[in-house]
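Labels run A, B and C following the written order; every chain starts at residue 1.
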């Protein structure tokens, strides 16, 4: 019988052999690839810059706020330059540049990006206000900043969107997918979102790449702002595939609004589970007509615990 | 051209300048704020206390179970006292107390809270049993304790709810939002839940602050126990806005039950995707009447792979 | 008044006393239990083996790819042997074996399992291709590998499924529940999935234990491939309870397909929110007939911001 060491050697060889073809899943050029952990570190650094004082740095105890902030900022700057430098190669516009030119572009983009922090802070402050005004379960604004997944998803979208607008490949999507993983809210970095945006609960929300959202919009869990068809695949890239939502629209849970030509006019209210593929005029309130329900009774109404477990194929079950 | 150092200095100054206004997003008082990581540490410590032997402490190897447990308990006690001390300031009842009085209150609340651990353990044991009885995919109870997101969400809700009842601000919500992030199950710490509660799959579940749930209730993924309207915003705070679910009710996936006056009577069964805004009598089985479907065929039924990509605007798509 | 130390002692005793009964939640045999962190470490190691060069090892800088890979592989091997050794006791087939025999079985299973890595790599490469072909928002394949939650969930399912097929208890479910936690996509390790599988967005997807899925299948967010009834509980274990989806089927968001005898024939398209409990013939396109919507207008259509907050009980709200 083979020893454990022999078995390990054999297995190692057979797996390394399998790496020899040229395949997408291989790509053995580790140094050239972006690093998800670094990108998550950038998000956390930016979050501390946007909300100074809320999210502590493990080393803040020995520094003044000012020194602490400039430390965080410097860290974010170097991480961003490094990661942007790596991903610029994904864009054919940059792929012929030499290392030095790539680096200069990474520096230029990093500073253009970080100069937008005050604007992002202005917007996110309106989002905190919108959550407080809209949610009777919010006891104070700090609770929103510390714990609301909707606010986190909006923050990461605002951070990622500005990078997306500057043409940085890959990093914006890694950022929003990190937020998606933490919150269940899937907002593509391409989506454009106005001030005072409020997401309640949020799990299951999908907001597509070319969606445009005005000011004072509220969206609840399970809402899709999606495309009418993606069967065209890559041929649909860069086309407006997702809807436009005007100011002061509320969209209740489970509603789907689909299509690049679909516009929901200002002040409209879209009820729960409504499925819309055409435009809605301003001020309209749209709801599903009464769902027809069937009520069924049997003698089990007196039963205590498990006697309901009979044949009951008539009701919808998972 | 400016050096990198000059650019960093300029940027740092412009961002620090932006902190000068008095704004919600600033709040530069780092030491007074609760710490999400500490609160997550409290959850993990409590989880080990509730399930001794299941979730190992990295240092348990050198201690007996008894010594290990008292170490974990001591750690949880000090973390809880510290975090409760910090958040009590959010409650106007405590805001005029001096540091010493605040600390005494934090100690009092911490011990009142931890004395409820045996009760929480009693309840969570019934939840494990309910999951085992209800799920044919459960191979044994350990699988449920190790891997079921529903059990994790219920545990965190039970832990957070007792803190919520003791009037501790903010921490209960941070706890349940941590569970929401891990599981996609959003249960407000205010919700009251009976014994033998079973959540299957769970992603997308929303259970609001004033919901009351009896014993032997089963809930599947995508269910909302919500409010009929939150348009009143902060004026609705403290009102009963969410439904009451009596003993032995089953609620299948995607159902929504809304409103503070809505009562689902004992032994009722609510079918998948049912949308209810009024009370359901005991023993009723409620289902959506047959959804009308359209079937369409074309010659493509012989086609192998991608020839379906024609104009197909008739079907609902994301 | 009692000192803090006395209080801690009292509390410790009362909680340790509560451990004395024989209860499921106790199980104070820490060394015999599997370790979630180790299992997550196994997933991450396997992910690096499947995609060499994509996900860096913190120590890769000092090693060649070949040496790095054999280090990762060795680490995965030892972790797997250890964890499989622990969980084999859950299977009555193994429970009478002595430690040495258990260990030999753990070694045997580990190598049988790892010999399937090339097959898993072959399948996952087709999944990357399917995502690229199917999603106009995908800018390149690396974006899919780095950021798409659907790809992550499929990878973990493929890894867990092969362990499940080899009869390893508990670990496969811990693996897929880890993916569920990160992605909101809940695929049981028992589900069998063909090549070129594409999940878009994904949050809320549930795919049950006995589901069978062919090649070139696309599934969108919120889809359930579920059981018609789980009221039989444990008595239904090992029965085919979930549907069969043939080649080249597309299932749009929110659709539910239920039941172990339900077969969706090849090339069928299932529209959004369709609820199906019986078989669909090959080539059929199934959609919900037009949902009846109610549109309501009032003078508020000229109103700017918050004047809509009147009595509006007619629309569906969360």
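Note that in this section a contact is a pair of C-beta atoms (placed from the backbone, for glycine too) under 8 Å apart; a residue touches a chain by one contact, two chains touch by 3 or more.
These numbers were taken from a predicted model, which means no experiment stands behind them.
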| item | value |
| --- | --- |
| Degree value of the rotation bringing chain B onto chain C, based on Cα positions, nearest 5 | 120 |
| Shared interface numbering between chain C and chain A [over half = same, under half = different] | different |
| Whole-Å gap separating chain A and chain C, where each centre is the average of the chain's CA atoms | 20 |
| Residue numbers of chain B (touch at least two other chains) | 184, 200-201, 203-204, 206, 221-222, 224, 226-227, 230, 232-233, 253-254, 256, 272-273, 275, 288, 308, 312, 316-318 |
| Residues of chain C that touch chain B when the two form their complex | 4, 7-8, 11-12, 14-16, 18-19, 23-30, 33-36, 90, 169-170, 173-174, 177, 180-181, 184, 186, 188, 190, 200-201, 203-204, 206, 208-209, 216, 220-222, 224, 226-227, 230, 232-237, 239, 241, 248, 250, 252-254, 256, 267, 269, 271-276, 280-289, 308-309, 312-313, 316-318 |
| Touching residues (chain side chain A, partner chain B) in the complex | 49-56, 60, 65-66, 69-70, 73-74, 77, 107, 111, 114-115, 117-118, 121, 124-125, 128-129, 132-143, 145-149, 182-184, 200-201, 203-204, 206, 221-222, 224, 226-233, 253-254, 256, 258, 272-273, 275, 277, 288, 291-298, 300-305, 308, 312, 314-318 |
